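Next up, some structures in C-alpha cells.
In what comes next, chain A is part of two complexes: it sits with chain B in the first one and with chain C in the second one.
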Partner chain A sequence: MSSLEQARLERMQIMDDVINNRQPKRVPVLSACSTWAYYYKGYKPLDGLNSEEILAEVTRAIYTDFYWDVVDIGPAVAHHPDLYEILGGGTFTFNQEGLHQTRPGAVNVMQPDEYPELIKDPYGYMLEYILPRRYALFAPDVDFRTKYEGILKVFAVRDRIARQMKIHNDIAEKEFGLFNAVNGLLLAPVDFILDYLRDFSGIMQDIKRRPEAVREAGMALVQYALDGVANIKPEAGKTLLIPMHLPTFLNPRDFEKVYWPSYKALVDALVERGHIVKCAFERKYEHLFDFLQELPKNKIVGVFEDDDIRVVKKKLGDRMAIQGGLSTQALYYASKEECLDIVKGLIDDLAPGGGYIFGTNKSMIHATDGNPENLKAVNEFVHEYGVYR
Partner chain B sequence: MFNAEQLKQAVGELDEEKVLAMLREFVATNPSQEEAQQAVAACQSGMAIVGDLFEKEEYFVGDLIFAGELLTNAIEILKPVLGSASSKKIGKIVLGTVAGDLHDIGKNIFKSMAEAAGFEVFDLGIDQPPANFVNKVREVKPEIVGMSGVLTLALEAMKDTVDALKEAGLRDSIKIIIGGNPVTKEACEQIGADAFTTNAAEGVKICQGWVK
Partner chain C sequence: MENNNREVLEKIAKEVLGAKTPEEVEKAVKILIKSFM
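And now, the complex of A and B:
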C-alpha cells in the first residue's frame, strides 16, 4: 500500500472515531474550501466551470499550500449555467464570475391549493405541474423529439460535472492522501418545498394558514428524498449532507408542527440504512436544541454556523460530532494572531474527549471568505496542537 | 368604529383571520379618512408588538415575513377609505440590496418594519450598483441609507457603495446602516458604515435613534 493510501486510511479512521465519539488520533482539519480556491489563484469560478485544467490547477494549489485531513466541499461545482440554458429556466442564476444564486421569483411555481396533489403523488405532481412550469423544455407544446434531445444534452452536461467531481476527488485522494468525507447530498422534505416549490413568503403563508398541509407534504416527500440517495452505499467516516434552510427562521412551535416530523423520519430512515448524516445547521439553532437531542446518538455530524459552539458542545456534544467554530468573517477580517487565539480556544474547549472536527463555519465561496495567510496559519496550528497525547 | 386595542393585539398575535375580519367590518361602516388613519396606526402598533416578541425570541424571522404579508393585506383592505391623507413621516431611508446579491427577504422585513415605525422608505430593490444609491440619495436627500446583503461578496459591494457616496460628497449628510447574514463589527468598520445589525427590529430602533 502506498504511503498516500495509508495516510487516507488513517484519516478515514480519524473521522470514524470522531463520529462514534471515540478519541481520535488528532482533531481532523476539514476543508470546505469551495470556489474560494479560484480567487486564491487569481481566477474566477467561471474559469473552473469551463476548464478541467484550471479546476485541477486550483485543486492542487489549495491542497499543496494549506494543511488538510478531510475534504467536505471542493472547488468542483455541482451546477453549470449550460444546464439551465438547455432546460430553459430553473431556480438558479449565475453572476459574471460564475457564482450561482437563487433567481428571485423563480422558485414559487406551486399554488397553495395544490398541496393535496403533491401529497397524493409527489412524482406525478412534479412531472405534471412543476417541470412544465419551471423549464421551457418541458412545456406542453414542446414536441417529444425536442424534449428527448434536450434531455440527452442535459445528461451530457451532468457527465461533465461528474467528471469534474472525479478529477477533484482523485487529486485529493491519490495525490494528497486526503479523505473525501461526503457521500452524497439531499434536502430535508420541507426545505425541498421551500427551495423548489414555494419560496420564503409562500411557505411562511402556508405554515400559518395550512400547517397540516405543509406537514403532510413533508411526510409524502420523505420517500422521494430517500429514493434520490438509494444507490449510495454507506461507508465508514463518510456522511450524507443535509443543508438545513428553513428551521433557523421558524419559531419552535411551527418547527415542531411542520418541519420536524418529516425531517426526523428522513434522518431515522437514513440511519437505519447505515448512513451517517451531516446536518448543516445554517445560521442559529439554539432555539431548537431540545429537538436535536432526539436525533440518533453517534449518527449525526452537526455543522454549526452562528451558534455559540461551546454551548453546542455542552448541549449536544454527547449526541453528535460537532464541526465548525471558525467564522469565515474572522478568517478574512481578523489578524493572524487573533485567528490563532480563536483556534487555540476552540481546540482547548471542544477537542477534549473527541467528537470535534475543525473547519470554517460555512463553505468558502468568495475571496471574502478567508485570508490565505490566516488559513495557512490556523490549519498548521490545529494539525500540530490538536493531537491527542 | 373598531377597537384599536383589539386590532393592535390581533396584529401582534399574527391572527390574520381576526385582523382581516375586523378591518372588513370597519370599512363597511364607511369610516372617515381620519378614522382609517387610526386603523393604520393600530396595525402599525401591532407591528411594534411583533418586533418586541422577535427581540424576546418568541417570534423568529418566519413570523416577521408573515407579519409583513399581514400588514400589506391589512393596508390593502383599508386603501379605499384611506383617501389622500397620509401620516406624518419621521424620516427617509434609501434602502437596497447591494450589487451582486439577489436576496430580498431581510430587506423587505426591514422595510415593512421601518414603514410601520413611520419612516418613508425608498426601496431600490436587489442587486443595486453604487451609482443607484448615489443617485437616489441625491434625489430624495434621506437621513439614512440602508444596505442589505446575504452573501459574503456583498461586503465588498457595501464598501464600494460607501466609497461611491464619499466620492459624491454625500457621505457626511447621511447615516449608513448595513444588515444581513455576513455583517459584523469588523466588517462594519472596514466598510465605513455607521451601524450594523443582523436583526431587523434592532435596525429600526437604531434608525429611530438617529432621527430623534
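And now, the complex of A and C:
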C-alpha cells in the first residue's frame, strides 16, 4: 500500500471516529476552501468556471501549500452561467468575478394560496406551476423541439460541471490522499420553500398567516428531499450536508410549529438509512439548542457559524460532533499570533473527549475569507498540537 | 394555453435516460423535475 493511500485510510478512520462523536487519533483539519482558492493564485472564480487547467492549478496549490486531512468543499462549483442562459432564468445570477448569488425577485414564484396544490402533489406542482414561471424554456408558448434541444444543452453543461468536480476530487484523492467528506447535499423541506418558492418575505408572511399550510407543505416535501439522496449509500467518515437558512430568524414557538416537524422527520429518516447528517447551523442557533438536543444522538455533525462554540460544546457536545470555531474574519484580519492563540484555545477547550473537527466557521469563498500566512500557520499548528496523547 | 412540459420530459426520459416501463418513465420524470429546481 502506498504511503498516500495509507494516509487517506488513516484520515478516513479519524473522520469516522469524529463524526460518530468518538475520540479520534487527532483533531482533523477540514478544508472548506472554496472559490477563495482562485484569489489565492491571482485568478477570479470566473477563470475557473471556464478552464479545467486553472481549476487543476488552484486545486493543487491549496492542497500543496496548506495542511489538510479532509475536504468538505473545494474550488469546483456546481453552478455555471450557461445553465441559466439556456434555461432563460433561474434563482441565481453571477457577479463580474463569477460568484453566484440569489437573483433579486427570482425566488418568489409561488402564490400563497397554492399551498394545497404543493401539498397534494409536490412534483406535479413544480412541473405545472413553478418551471414555466421560473424559466423561459418551459413557458407554454415554446415549441416541443426547442424545449427538447434546450434540455440536451443543459445536460451538456451539467456534464462539464461534473467533469470539473471529478478533476478536483481525483487530484485531492490521488495526489494528496484527501477524500471528500460530504457525500451529498439536501435542503430541509421548509428551507426549500424559502430558497426556491417563496423567498424570505413570502415565507415569513405565510408563517404568520397560514402556519399549518407551511408545516404541512414541509411534511409533504420530506419524501421529495429524500428522493434526491436515495442512491447515496452511507460511507465511513462521510456525511450528508443540510445547510440551514430559516431557523436563525424564527422564534422557538414558530420553529417548533412550522420548521421542526419536517426537519426532524428528514433527519430521522436519513439516520435510519445509516447516514451521519452534517447540519450547517448558519448564523445563530442558541435560542434553539433545546430542539437540537432532541436530534439522534451521535449521528449529527453541527457546523456552527456565529454561536459561542464553547457554549455549544457544553450544551450539545455529548449529543453531536462539532465543526468550526475559527471565523473567516479572524483568519483574514487577525495577526498570525492572534490566530494561533485563538486556535490553541479551541483545541484546549473543544478537543477533550473527541467529536471536534477543526475548520473555519463557514466556507472560504471571497478573497477576504482568509490570509494565506494565517491559514498555513493554524492548519500546521492543529495538525501537531491536536494529537490525543 | 396547454403546456407540453410533461410530454417533453417523458420523451427525454425514454430517449436519453433509457426509461422503458411506465414506472421507469415516471421515476425519470421526477428526477428531471427535481434537477431543474
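Quick notes on this one:
In the analysis below, the second predicted complex is superposed on the first by the 389 of 389 C-alpha atoms of A that agree within 3 Å, B and C clash if a C-alpha of one lies under 4 Å from a C-alpha of the other, contacts with A are read in each partner's own complex, and residues count from 1 in each chain.
Note that in this section a residue touches a chain if its C-beta (ideal position, glycine included) is under 8 Å from a C-beta of that chain, and two chains touch if they have at least 3 such contacts.
All figures in this text were calculated on a predicted structure; none of them were measured in a lab.
For chain A, the partner that touches more of its residues is B, with chain B and chain C as the two candidates.
Touch criterion met: A:T93 reaches chain B, while chain C stays clear of it.
Contact with neither chain B nor chain C is seen for A:Y356 once the two complexes are overlaid on the shared chain. When the two structures are aligned on the shared chain, A:P104 is found in touch with chain B, with no touch to chain C. By the touch criterion defined above, A:Y196 reaches chain C but does not reach chain B. Residues of chain A that lie in the contact sets of both chain B and chain C are absent, per the superposition on chain A.
Considering their complex, residues 93, 95, 99, 101-104, 200-201, 204-205, 207-209, 246, 248-251, 254, 283, 287, 328-330, 332-334, 365-369 of chain A touch chain B.
The touching residues of chain B, counted against chain A in their complex, run 14, 16, 57-63, 65-66, 69, 100-105, 126, 151-153, 155-156, 181-182, 184, 186-187, 190. Listing the residues of chain A that touch chain C in their complex gives 87, 123, 126-128, 130-132, 134-135, 138, 140-141, 144, 147-148, 151-152, 155, 192, 196, 224, 227-228.
Every residue of chain C that touches chain A in the complex is listed here, in rising order: 1-9, 11-12, 16, 29-34, 36-37.
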